[in-house]
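Data first, discussion second: the structure below is written as structure tokens.
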Amino acid sequence: MPDDKKPLADPIRAGEIRSFGKIPSPKLTPDLLELVRSGEVYSLEQILEPGMPFWEGHPPYVMAPYMRHGDMPELSPASVGNEITSLPIHGGTHIDALSHIGRWKDGEVELHGGIKVKEVMGREGMSVHGAENFPPIILRGVLLDVAAHKGLEVLPDSYGITGEDLAGCAGAQGVEIAPGTAVIIRTGFAKYWRTDNQRFSNCGAGPNIDGARYLAERKIALVGSDTEAVEQWPFAEDGPPLPVHTFLIVENGITHVESLYLERLAKDKVHQFLFIALPLRIKGATGSHIHPIAIA
Amino acid sequence: MPDDKKPLADPIRAGEIRSFGKIPSPKLTPDLLELVRSGEVYSLEQILEPGMPFWEGHPPYVMAPYMRHGDMPELSPASVGNEITSLPIHGGTHIDALSHIGRWKDGEVELHGGIKVKEVMGREGMSVHGAENFPPIILRGVLLDVAAHKGLEVLPDSYGITGEDLAGCAGAQGVEIAPGTAVIIRTGFAKYWRTDNQRFSNCGAGPNIDGARYLAERKIALVGSDTEAVEQWPFAEDGPPLPVHTFLIVENGITHVESLYLERLAKDKVHQFLFIALPLRIKGATGSHIHPIAIA
Amino acid sequence: MPDDKKPLADPIRAGEIRSFGKIPSPKLTPDLLELVRSGEVYSLEQILEPGMPFWEGHPPYVMAPYMRHGDMPELSPASVGNEITSLPIHGGTHIDALSHIGRWKDGEVELHGGIKVKEVMGREGMSVHGAENFPPIILRGVLLDVAAHKGLEVLPDSYGITGEDLAGCAGAQGVEIAPGTAVIIRTGFAKYWRTDNQRFSNCGAGPNIDGARYLAERKIALVGSDTEAVEQWPFAEDGPPLPVHTFLIVENGITHVESLYLERLAKDKVHQFLFIALPLRIKGATGSHIHPIAIA
Amino acid sequence: MPDDKKPLADPIRAGEIRSFGKIPSPKLTPDLLELVRSGEVYSLEQILEPGMPFWEGHPPYVMAPYMRHGDMPELSPASVGNEITSLPIHGGTHIDALSHIGRWKDGEVELHGGIKVKEVMGREGMSVHGAENFPPIILRGVLLDVAAHKGLEVLPDSYGITGEDLAGCAGAQGVEIAPGTAVIIRTGFAKYWRTDNQRFSNCGAGPNIDGARYLAERKIALVGSDTEAVEQWPFAEDGPPLPVHTFLIVENGITHVESLYLERLAKDKVHQFLFIALPLRIKGATGSHIHPIAIA
């Protein structure tokens, strides 16, 4: 979407580096419309609430009702309620902006497209690749239910999903991992959401670097999962930290959607759909909460 | 959408009171699909950033990048950025939950459906009509560009839009205000967004009670505008406070979408479209920020 | 201290109800000066930092350095750092305001002095008994090292300290529990601060109702301890919740200082001292963090 | 105060660089005790409340009562209130930590003592010169009522106080600016606190670099004022930004206490006193709110 309000940041000359990498400008094309059969809508968001899992060190979740109905009698007979809401963006169902992940190179950190972090990071956040640049996301989506494909309720803790796993799953479930697709991987880890937060946050199954390469080669638009990170967690001991995030986001401009709720979609065996996510345009932020949907 | 995860709160017996009033369960029906012609997507969200307008007394906007790339050398060669984000829900582009507005009756406050506030309000917010119950919102939308209809760039400060204004505008612009529609009213006040915040927040044009009655009679699904309140502001001196909010939200279950960005839509004279908004499921909250879109 | 800036709230007619109960107006009298021998100063505050214990359900601790040195080159050659700081008042070393605790009576909650909560509680906090009314606190202090008196490093989990314990300890340590004294009780629980937070927060030794009565009868000014609550925790199963807080704060206007650091004081066997605490004047708040000191 | 809990940060080898510069280890010496005559206590803190002045760009003030009496019926007959409290440290009565101000040198920022900022700044704040190192502050204090000395209610906007002004004032008011003193400068600007916040924040009278040099030569312990910055504001156009902060804090280790309430002290013409301030030990923070007192 050529944003008509905000010029692209200087370092991003149109056409050279794109702020959201492989996510295309939004258009509801005839091809996408063909994905809609019954018109049934699936909500893919986990509820934001106290007790939801997220990594230690993340900022706190706050939903504090400071203004209660009855507080402002001067508005009578009307009455208003309001709250303080502080949401830890990288906990709960969210999308990573490309500014979330960088890579050290020659003594400094670079973001996707070779942007040098020190030139774009400040007290108002990131002046490039921030969440305000997110276009509405309207894509063909496929569900790769890897857990079901392996005959499991949930994948084993810290299981590393390979390219072969993804290829086998796609084949068995009859979907193609085509360029421009939102690939949604189900591990079954939603089972631990609020029932075993430590396990949800620290032992997630997810693509290993082989699985990530497989996806990048197919030129997908984004990858999502029902885990806290779209990445085998902890990552392999003999490799570098966060290899999948680094490879997909920094090198390939393929961003992540995390902590999705996929149970209803899986139960109905919906493997192909119209995928819509509408990130909030939070200036300078490294991501946004979203309420994504699948339309079958 | 019959939510498969969260049972409806006790006081809301299915079929008797609906948590989002006139917003229907989401389904992308053939009728809605017919609204899509070019497939062009319009973003209707204002950017969330320092300096955006919102009423005094609302909680603060915070976007503080506390974790910067380079802070965690133990992750090298990867690098992570993160922020504290606190968003004042009722400032910026957002939707009101039905729990946002109540009405005094017999010495206590009632919400839509006769829910007594004192039974549902606590330190975790509202146990009924909270934002977590929002379904994905997929509706026929119409733009009533009242400013353009009157030949103005912006409506006069505090102008009260009447039923006759709305009827005249719909007629001239060739759209029907049918049941189940998202009615989006353009006043032109986006012109004052960040250029004259005091005016934006304190002098908004909007429906008066006559305009609100006109909309309710047509059984619309929701009403939105490019102002901070979908309501003439300040409200008429000889009447009660917040008459439009009270009438539409409490009495009719017709909620509000506020601070929309409608300039591109207006410029292209798009008066009918597919309207999609996906509120975050923030448990107990009185609303949610959204990034709504129109698809023409 | 007759506050020269802020008139006492209406419901508190001077001389009838005092906003800080038994805490006297501050004056450094000759009697207090006599307590100073060596002039040695002991800091009684635990450090506020991530990983410190506090009860679940309390608001989050946030210390996020959003503005870093180097962020504002326009100030060069000067440079400024700043942070977002959110402190959960009732975690860490703090003092309870009298507005922190109430008691149900005839279907409504009353604060100390019979103040009806519903008349004084609103979106800006408590209009009476709020922390802004705290005077500087300058008192004779005594340390009752109950753990040492019993020959223990730490009192047993959930131990209820009785009046007899306090009397015995005071006698053995040669101090008098005189009217107007700040009575500081050492349980040894600081050992669990950050080493076993669950135990610190959920199993604290502290006065039971018998111990509380003993203190109130002696007309002390306030009571402090090295635990999260000045109260046996959990409280006795066959009694009401929070009996000590209710009895001391609501009925007697004797407030609490919690999570004190007393190890150096205990090591030096300093049992009598000049006690100074200077609560922040946070309008409407139910308490304040403090950095209390003992001067021997 | 040799802190018995926390070892000094590595870069600060005891005796070489002191984390609080000229503030001495606390001891209530006979010399200090002699300052106490009547024992009268003066509170020097402004109330923390909505509507108080602080610079734009500072983090927000939040005091939101999220947990109200009556919310937890399971505690009946007891009842508890609590709040979210977020205090902008550098607004309201506070003390700057030495980590608050740095100076560019050879392409990087240095703090007091030549500490290189890039080695000590991270997501948990400053690992040296943070507020947790503040000792209790117990000093001889003098009030230099420059406004009264000049026969004015308030000094002119942006007036730069010179060394000659300070010397003249001290002479006329009969106090000596001796080494180790807390020098408290009264400008009268408290008059604009909450009555003209723009003026309070943007036009403060304060020492210019000449005044600052005069103070540093006398080896004072700290300097405070009734303005938002202890510095002529805006600073002289032909000089560098923040010259006084840089000179006193970075070069001399003389920190600042800001936004003091001095009206009662001035009215009673108390020019010499025992000064006590007890900063909160907030790990890594660049300052702390305080409730300082003067005892006459």
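First chain written, first letter: the chains are A, B, C and D, and each begins at residue 1.
Definition applied: a contact is a pair of C-beta atoms (placed from the backbone, for glycine too) under 8 Å apart; a residue touches a chain by one contact, two chains touch by 3 or more.
Computed from a prediction, not measured in an experiment: that's the story for all the values here.
Minimum number of contact steps separating chain A from chain C: 1.
Of all residue numbers used where chain B meets chain C, over half belong to both copies. The two sides are thus made of the same residues. Put simply, the C-alpha centre of chain B and that of chain C have 45 angstrom between them. Distance from the chain A centre to the chain B centre is 25 Å, each centre being the mean of its Cα atoms.
Each of the following residues of chain C touches two or more other chains: 59, 62, 64-68, 84, 122-123.
Residues 59-62, 64, 66-68, 71-72, 122-123 of chain D are the ones touching chain B in the complex. Every residue of chain A that touches chain B in the complex is listed here, in rising order: 1, 3-6, 26-30, 32-33, 36, 39-41, 43, 45-50, 57-59, 62-70, 74-90, 99-105, 109, 111, 117, 121-126, 132, 134-136, 138, 240-243, 245-246, 261, 263-264, 274, 276-286, 289-293, 295. Considering their complex, residues 62, 64-66, 68, 84 of chain D touch chain A.
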